[in-house]
Structure formats: C-alpha cells, structure tokens
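Heads up: the structure comes next, in structure tokens.
Order of writing sets the labels: A, B, C, D, E, F and G. Residues in every chain begin at 1.
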Amino acid sequence: MSVTFDILLLLFLITTALAVARAKDLLAAAIIFSSYSLVMCLLWQHRGAPDVAMTEAAVGAGITTVLFLVAIARTTRREK
Amino acid sequence: MQSFFWGVGIFLLVNAFACLWRASAGPTVVDCILAVNIIGTKTLVVLVLLALVFGRAMLLDIALVYGLLNFVITVTAGRLLETGRLAGDQS
Amino acid sequence: MKTTQATTVLFAFWLVLTGSLGPLDLALGVVLSLVLGVWAARFLWPQDAPALSPRQAVRLLLYIPRLLASVLMAALQVAEVVLDPQMPIDPVIIGHRASFSRAVSRVAFANSITLTPGTLTVDVDAETFYIHCLAERFATDIATGDLERRISHVFEE
Amino acid sequence: MISTADIRDATTVVLAAFGALFFLVGTIGLLRLPDFYARTHAATKCDTVGAGSLLIALAVFNGLDASTGKIIALAGLVLLSSPTTGHALARAAHRTGLAPWHAEKGRTP
Amino acid sequence: MLAWPHWLVVVVLVPLLGAVLTPVVSLRSRHVAPWWALGVMSVTSTAALFLILRVAAEGPFSYLPGGWVPPYGIELRFDEFSASISVICLIGWLAVLYSLRYVEWLREVPKQRIPYYYSLLLLNLGGMIGFVITGDLFNMFVFLEILSLSAYALVAFSGEHIAEMAAFKYLLMGAISSLLVLFSVGILFGVTGSLNMADVATRLASAEPVAPAALALGMLTVGLMVKAALFPVHIWLPDAHAIAPSPISAVLSGLVVKIGIIGMIRVYQIYNSANMIDLHMLNQTLVWLGAISIVMGAFFAIFQDDIKLMLAYSTISNIGYIVMGLGLSTNSSIIGGSAHVFNHALIKATLFFAAGGLIYRTGYRTLTDLRGIGRSMPLTCIAISIGAISIVGIPPTAGFFCKWYIALGAFEADQPFFGFALIFGALFIFIYYIRMVNAFYFQAPTRPEILEVEEAPASILFPTLLLAVLCLTVGPIPLTFIKPAAELLLAPLGG
Amino acid sequence: MLQALWDNLDYVAPVVLFCIGLYIIIAKNNLIKKFLGLNIMETAVFSFIIALGVVDGGDAPIMGADARAPFASPVPQALVLTGIVVAVSTTALALSLIIRIYRQCGTIEADELREME
Amino acid sequence: MKKAFVAALLIITAIPLLIGVAALPPHGETTAPVHTHISARYLMRGAEEAGADNIVTGVLLNYRGLDTAGEVTVIFTALVAGLAVLITRRKEPGAKADSAARGDVPAPPPVSPVVSFVVQLLAPFIALFAVYVILNGHVTPGGGFQGGAILGALFIALTIVLGEGRTRSLMPRLALPWMQGAALISFVVVGVLGAGLTGYFLGFPAEASLHLVRELMMLVLEAGIGLGGAAIFATLFLQMEAE
C-alpha cells in the first residue's frame, strides 16, 4: 500500500509540474505551484522528514506562493 | 486498520488527482484556485492519516500549518483576483 | 471582559497544542495567552469583538448541531444534484436584506448561508446579502427570515 | 465477542467511509457542474462534511488523548475556513464580472 | 595573539555581523554606514593578517565550531590557498573606501538605499571569506549562496536602465549553477555519507559505484564554471560587470569570479586524492575551454568602445588563462594558474578602479568620448597603463610571472599548441590595451570639456594608485607562497 | 539499467522534475514563469536529497516515547531545511528584480526585453 | 529550431543524471553509506549530546550550527538585496505625503467583511501556534524558521485585511533593523557565550549541571531565528507590495 501511495505521489508531482508548465495564466501557475509544494510536503512527511515537510508547507507553499502573488499583482497576469 | 487508512489515503489522493484536472483546465482562474483549495483540504486529511499511520501525534502540527496557510493563500489569491492589489485600505 | 475571554480561549488552545501539564509549559502558556489576548482585544478587535456572553455561548453551542445537520443536508443535496445525470439546477442570484448590529452575526449569517443546502453567499454589502442559489426553491428558508432569526437569537440578544 | 476496540474501529470505518464518499461527491461535482458558482457549492459543502467526518473518525480512532484536541481543532478550522474561502472566491468571481450559468440558455450569458 | 584560536571564526563572522548591523547603525544618519563598513573591514583584515602569519609559520590549521570533531561537525580550515583572503580583505577594504564618494555620486540611486549597499558589500566579502576557509562541502554551498545573492543585488544596485536585466540574467544562471552544486553535494553525500571535504576524499577512494561520483564531478564543474564565467556559460558576465558601480565591478571581476576557480581547486583536490576517476579527460576539456575563453574574450574585447565592457571581456579571457593553467595540471602550470588568481584580482581591480575614476570625473565611459583624458587625469591614466601592461604580461609586472609559468606548463605537458594559444591571446589583449592607452594619451579629444576636469578625489585615487603600485611590485610573492599549496593539489588531501 | 532505475524510483522522479523545471526555464519566455520553473528544479533537488536519507519503514528522526527504530537519516533533512531557506531567498530577490524590470520596461517577456536592450 | 535546441539540451541533461542516480546505493536500505557514517552517530547519541529530542534540530543548531548561521545570513541577504533593489526615489523621507502623490490611483475596495472577520478571529490563534512551533522545535517538528514563516504569513494576511497602515505599527521604525537582524545577532551572542563556556564558538555545554543553560541557548537561537524570519518576510512583502 505504502508503495502505491508513494508512486501515486510521484505521479502527482510530475503532473502538477507539467500543469505549471502548461498554465498560460501566471496566477493559475503560481497557485498550482503551491499545490505542487503541498504534495511535496506530503511526500516528505511520508518519507519520515516531518521537519522538512513543515518547512515546505510554511515556506514553499505559503511564503513563496504569496511572494509570487505579490509579484504578479505588481506586474502582469498574462503570459504571452 | 493500517491498510484501511492507507486505502483511504490513496482514495483521497486519487480524488485530489482528479481535482487537478479542473485546476489545470480552468476555464477561469477562480476555478483553478478553488480546485487547489480543495486539493489542499484533501491533502490535509491525508496528512492527518499519515500522522496516525505512523503513530506520531506530533505530525499533526504539519496538518495544522497547512490548513492555516491554505486558507491564507486562497484568501490572498482571491483578493488579488478581485482588485489586482493585495493590501487592503480600511482606515 | 473581551480580554479575559480571549485569554481563556487562547490558553485552552495552548493546552491542546502542547498537551502537557508541566509547570514550565503552563507558565509559558499563561504568559503567552495573556499577551496575545490583550493584543487581540486592543488591536485586532477594537470595535466588533467576537466576544459572547455566557448565555450567548450556550446558544451557540446549541446552534452548532443544527448547523452541522444543515451542512449534512447540504452535502446530501449536492450529492443528489451531482449524481443525477440530468443535473436539475437552475441557478439564480438573489439579494436578501438583513440587518444585524454586530459583525459577528453578519459573518455567522453569511457562513451559515454558505453551509445550508443550495445557497452560497456571493457578496455582502452593508445590509444586503447576495446569494447564489442552485435553484429558487432553496432560498425559501432564507427569504422567510428563519435563518436570520436564529442567528440573531444566538448573537444579538 | 465485541470489544470496545471493535466498536471503535467500526465507528471509524463507517465515519471515514462516509467522509471519503463525500469527498468523492465533491470531486465529481467539481468536475461535472457547469459553472464556477455551482462548483463552489459542491466544493464547500462536500469538503466540509467530508473533512469533518473523516477527522472525527480519526479522532474516534485515536481515543481520548492530547492529539485528539488537535484533530478537533483542525475540524473546527475546516468548518470555519471552508465556507469563508468559498465566499471569498465567489465574491472575487462576482466582482470580476463572471456571470452565473442559466439552465434555460444552457450556457453562460 | 597569533595563537588565539578564534581568529578563524572572527574573520568570517565579523563582516557578516557587521553587515547585519549596518542598517542599525545607520538608523540616525546614513553617513555612518561607510565608516562603519570601513571599521568592520579593518577588523577583518587584522584577523586575516594574523591568520596568514600563522599559516606561514606553522602550515595549515583548522577550527571546529561547536567543538565537534571533523566528520561530525563543520571544520573551518586554513591552508595556503586560503591566504587569498588577504586579497579579498585588501580589495574589499579599498572598495569600501572607494565607494565613499562614488556611491553618493550615482544619480539613479536614491540616498536611502546607500546603507544597504554597504551591507551587501560586507555580506559579499564575508561570504567569500567563508567560502575560502571552509572545509565542509555544504558549508561551502551556504557561503556560495551568501556571496552570490549579494552579488546579484549589487549588480542591480546602480539602478540604470538595464541594470536589473543584467542582474536578472546573472541571477538566473547563478541560481541554476548553485542548484547544480547542491545536487552534487547531495550525490557526494549519498556516495560517502559525509560532508567534510577531507573525509569525503578518503571515503570516496573506497566508494563502490563510480558513475554517481563522476556525475557529481561533472555537475560541480559546470556549476562552478558558471560562477567563474568560462566560455560557453560566460554570457552573463559582460553586462553584469559593465553595468555595476565601478567598485563593485572591481570586486566582482577581481574576486567573485575567482570563487568559482577556488571552488574548482577545492573539488579537484578531493577527487585527486580519492584517485577513483581519471581526471585526464576533464582536464583536457578544461584546457580547451580555457583556450577558447582566452581567444573569445580577447577577440570581443577588441571591438568594444565602452571601457568597462572591454575590461569585462578581458576578465573572461583571463579566467581562461587560469582554467587552462589548472587544466594542464603540470606543476608549473598549476602554480601559474593559481598565482594568477591573486594577481589578476589585483590587476583587474586596478583597472576597474581607474576606469571608475575616469567615469566619476567625466561622466563618459567610451573610448571615443574619453580621448585625451591622459592630459587632465594623469595619475589615473598611469594606473590604467600599469594595469594594461601588467595584464598583457610584460615583465616585470604581476601578470608576467603567471603567464610565463602557464606557458611553461603547456610546454612541459607536451601540448605546445596551448602555449601558442596563450601567446596569441596575449597578442590580442595587447592590441586592445594599446588601443586604450593610445586613445588616452595620443588622440585629440572629441569632448573638449574633459581637458578641464580635475584629478579624481583622494578616496578614489588612493585605492587606484595603491593597487597599481602593488601590481608592479608584488607579482612574484604569490608564486612563492602558492608553491607548497600547488604541490598539495597534486598530492592527497589531509596527508 | 531499467531495473536499476525502477529500484531507485525515488531518485529518478526528482530527475524528471528537474528536467521539467529546466524545460520551463529554457522554453518559456515569461520571467515569473521561469522562476516557477527554477523553484520546481530546486524542490526536485531537495526531494532527491531527502530520498537519500530514507530507510524502508523508517521513522522520523525525533526521539521520544513513541519513537521506534530504524530512523531516517537526519543529515539530509538538515541540509534541505537550509536549502529551502536559500531557495526562498533567491526567489524573493528575483521577484523584486522582476517587479523593477516591469516598472522600467513595461514587460516581463524575455524576448521583448532582449529587443529593448 | 528552438524546440530542437531545447529537446537536445534536456536530453543531454537527463541522460547523465539518470545514469548517475541509477548507480547510487539502493534506495531505502540501511547499509548505504548515508546511514552508516555520520548519521549513525547522530541518531545514536544526538539526543543527549545535542540536547534536542528532534535530531534534525540538534544537527541544525548544534552539530552544524555554522550552517544555520549562514542560512539566516542568506535570508538576511535576500532582505537587504530586496530593499536595495526596490527602494525608489518616490519613497524619500521628504515626500511623506505619499498617498497624495498616488492620488490618481483610487483606494482599493475593502476586503469582504466575512474574510476580514475570520482572519482577525483566527489571528491570535495563529500567532500562538507560531510561538508554539518556534519554542517546541527541539522536541517536535518545527523550529524557529517554520514558526517565523507562519508569523510572516499571519502578518501578510493581516495586512491584506486591515491595510498596511495598521500592521505597520507592529514594526516600529527604530526596532525594525534589530528585528530583521535578530537571527544572526542571536547566533553571535549564543556563539560567544558558548565560546566562554566550552572554548569553542557555538559550543553547547554538555555537563549535566549546565543542561538548563544549553536549553536556554537553544531557545534563544530558535526565538531569534523565528523573530528574524518573520520580520524579514513581512518587510519583503510590504516593500514588494508598496513598490
């Protein structure tokens, strides 16, 4: 079961990364990136690294995303 | 019980995977934000499941962190979408 | 009053977090919840504090089961809609006027609307709540002012 | 022989399955419903119920100890934040002029 | 004093703490910031002096923060290569002094930013010092990040039109290269289970699978190559170095790109002593890349009119010399290459300082506009000329000895072709510096007003002239100093 | 080879993510998008380093009453914690630069910026 | 053309990486060098030697304390760099009437009262939770940096709902640089204290009689990192938002 879970998480990660690549709207890309970080956090929790998981949840999914959002607010949302 | 929890975890993950399609396909950005928020809720539950599977109560803190930040991000993104600015001006 | 309540609730939260009754943890918890309680009451909630009198707190506790029941109903109703191949919905946005004197009741009202079957608060003006309904029939409970009365019963009196 | 542990496990399984079911409904709703507002309905309600009942299931399984409080706090957080985010997003969509879908026209006007 | 063990941690933490406190001390008045930075650099230089005296007296030594024995804790290690902190401190100190007037003069820069400039400069210098003296792979990465991040911001500091773009280009490539370094530190940790360089070297010798270690080596090389701006990945350098404020250009060109080289030296030392991978092919590649860099850099420099852009291209070609020297891996070429790390720092800092002086006084930065400046700013132009002959490699200047040793190494290694490439490159370099000197002294001014300008102010002139004098005199010193270290490079680490 | 890749799936997935990130950096024009790509790359490397320290059935390296061996190695986790901080710092600086670039040039598309130079 | 180039570059990146990682010691086995060398000692003796049940915190603060000092310097660098890039002339102290200069831009509409209320309701709880994460880093997952990030996120959320004016008062001008530098300053203070006690910079006394001191030193470090991190994130956010 654990292995299935692991593989599913890895697949999920790759899919989210591709979704980030695909998104035309930068806001959508940044938000999907936050869910990428979140899945990463899940993966690390599963791998026995709760400290890193928490950091990723707080920093990767939280602060980084918010910084991206500010940058998008200050520039433009559309990718040409 | 362990395998039941794993099963539930995998089931939720598959669900989240399905939500990802909505996040990616849109059609509007709000859909994307909503979908990601939902992925967040599902994943939060998976985090709690993992904490119980591993039998370490302290891992619940991570779920709590994520729950809070998921809320903050969604609100921020909604605000950005609504006004194009972030800081409010309520004097 | 506000400060005491906030401090108490925060201290309870601290106990939940640490889950320990060691003297050091307890002392730290008291100090921290005092500081944060004062900060919250003075800085965050200068006007519309979410503080409740004991009677209101009891009513809130009585209201929560009703709310949970209606959330359950709401979820079942969504399931009904979603699993029906025809998807019997006809969404409308309606405006509903409701006057509350406290922010906490407005928020409770808005969130209760969102959690009751078929309705979703879209926007809140000073008095008017714009509500998205999956179908006209779901709005009856709100239009009759039933929900509004319940909320004011809990928070306003 | 039915021990308390069995009752506990059974309750957990039932509640968890119930929660998972609602998560599934929420997902289907998110994928199937025609427009953003309708999807928000599905998302907020089903997620609140799903997460809530799953978390309660886990709390029951965990028994009564310090971490149960945390699980309950999480459930409370979900109960509070889920409708709020739903509202925030709906408001954002409304203010940016996203019109709701109407059944008779079958498309967004 | 000499035996006080804590100098090694003082020398890295004082600039960093000084940087953190810079915004604090300049709360009341921003004019305190430069003097504060100068004081911090003075303390650092004192510490560096004691360290160098100690290493000269008793050879390499180390310090263990936290008191944990090496593989378990971090080790700060001071050896002969670490003596390059002398150059870092010297140029850093002079750059702070130089900035005193220069930064105030930059028109695009809001005055509020200025304390942050000194803070960033101190962080940059502290990061470099830390990078040079650490004996731990991951600690090296951390210091690499401190110095790179501050370098990116310093490039953007001038606020000119394309400064931010240049900085962004630098940042993007720099971030990818740091990532490669981190990746390979991870792989090395996976293969050996250790992070201490000496320990990694001994454990790598017995490590079973060769492929991951080779991959780590390749990625480290590429990553550090980007930092050093070697040929295929040099594209960030010209813009960044030309657009930065002149004291920063001196620090970047003189010191920061050398960090990549010093990192390579450290890494190859690990692999050399582990002796598990035949480095011959890699070395050959490096020699080729070095040769191409020499020729390319010199070739592009010829066509530049902007003096700072010209100097920036010249940096690429000089990095080529150093890398070629290391890649040839004979005794004398390594000595020449590593000595050039020191000497080129001095020379390039002289040139950028002098160029900055010209720009400060005239406001022009192209050769066409600066024609005839030699008459009104004689001292600065003499400094430029000294730098020019030194970088071409005319005896008895600093540049000569290094290039001589590298060429010697090429013939020693039986690859005379590269010796000729080196001489060919020197010829190119000669052409463009002659062009510069010619414009300053012998051509009629296109802008008559530059004949009226005064000599640069003392805080700008003093660093320039001091470095010029050093270019003329200290050339052979690094050679003698580096010899034992270079022999170490070919021998196992940690004895 | 394929068998080895399958066995080391936890190392291979980060490589795939790394390449996706690299693809975004090279192929996309938008600077913010490029930086999202860089963040993906960074996270991929972190995930690789974490995978190095994993033990099958291992527990989190936190001692206490409910801890039971074997434990995952703590060193990679410490490294990654530092790495995450470095990554967020780089991102913050890059985004500040992007904001300034947009202020000055009115665009954050790499090709348009190149034309402007 | 460009597509071919991208594809080629990706392939020449991917193939060596795959070959390299495929040959690494098998994943998840305890015999790998990662587990047998330094980690083994950390796990075996870390809890008593470093004084933290959470070995990761022990490694971060004690065994590899200098790395963490570097890490907090990196984030401070990011702050200074961000400020150096973002401060523009418009915000000079003379031009205090900032809002007048921006008069043509209409004030943004307020946040939905529901969101605003919920955020304000949750704020003290989030703050308490952040402090808990900071102070319990040595026994549970978490620590200064994570808690600091949560505090920073809280600050950002409050700024969004309350506006910049009211949250600024949390960061008084004179104390702000101290708060931003708190992390490295606390490292230096603790490091010097450690040098006095053990003879090594950043050394933590291991004697049983000084365990309380060691605990206190760790708490100071964690609190410093948390405060510094929060202040830095908050400042960066405000600066980027105000640009």
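Following the convention adopted for this analysis, contacts are C-beta pairs under 8 Å (C-beta built on N, C-alpha and C of every residue); 3 or more make two chains touch, one makes a residue touch a chain.
Fair warning: this is a prediction, and the values are worked out from it, not measured in the lab.
Counting only chains that touch, the fewest steps needed to get from subunit B to subunit D is 1. Of all chains, the one whose CA centroid is most distant from that of subunit E is C.
Here B-G and E-G are compared, and the pair linked by more C-beta contacts is E-G.
Distance from the subunit B centre to the subunit C centre is 21 Å, each centre being the mean of its Cα atoms. Each chain gets one centre point, the mean of its Cα atoms, and the points for subunit E and subunit F are 28 Å apart. Each chain gets a centre from the mean of its Cα atoms; for subunit C and subunit D, those two points are 16 Å apart. Centre-to-centre separation of subunit A and subunit F, using mean CA positions: 10 Å.
Chain contacts: subunit B has residues 33, 54, 56-59, 61-62, 64-65, 68-72, 75-76, 78-79, 81-86 touching two or more partner chains. Among all residues of subunit A, those that touch two or more other chains are 48-55, 58-59, 62-63, 66-67, 70-74. Among all residues of subunit D, those that touch two or more other chains are 26, 40, 50, 65-67, 70, 73, 77, 80-81, 84, 86-88, 91, 95.
Touching subunit D in their complex are the following residues of subunit B: 1, 4, 8, 11-12, 15, 18-19, 21-22, 28, 30-31, 33-35, 37-38, 41-42, 44-45, 48-49, 51-52, 57, 60-61, 63-64, 67-68, 70-71, 74-75, 78-79, 81-83.
Within the complex formed with subunit F, the residues of subunit A that make contact are 6-7, 10, 13-14, 17-18, 20-21, 26, 29-30, 33, 36-37, 40, 43-44, 47-52, 55-56, 59-60, 63-64, 67-68, 70-72, 74-76, 79-80.
For subunit E in complex with subunit F, the residues that touch the partner chain are 138, 142, 145, 149, 152-153, 156, 161-162, 164-165, 167-168, 171-172, 175-176, 178-179, 182-183, 185-186, 189-190, 195. Residues 9, 12-13, 16, 19-20, 23-24, 26-27, 30-31, 36, 39-40, 43, 47, 50-51, 54-55, 58, 61-62, 65-67, 70-71, 73-74, 77-78, 81-82, 84-86, 88-89, 91-93, 95-96, 98 of subunit D touch subunit B in their complex. Chain contact summary for the complex, subunit G toward subunit B: residues 107-111, 115-116, 119, 122, 126, 129, 133, 139-142, 146, 150, 153-154, 156-157, 159-166, 238, 241-242.
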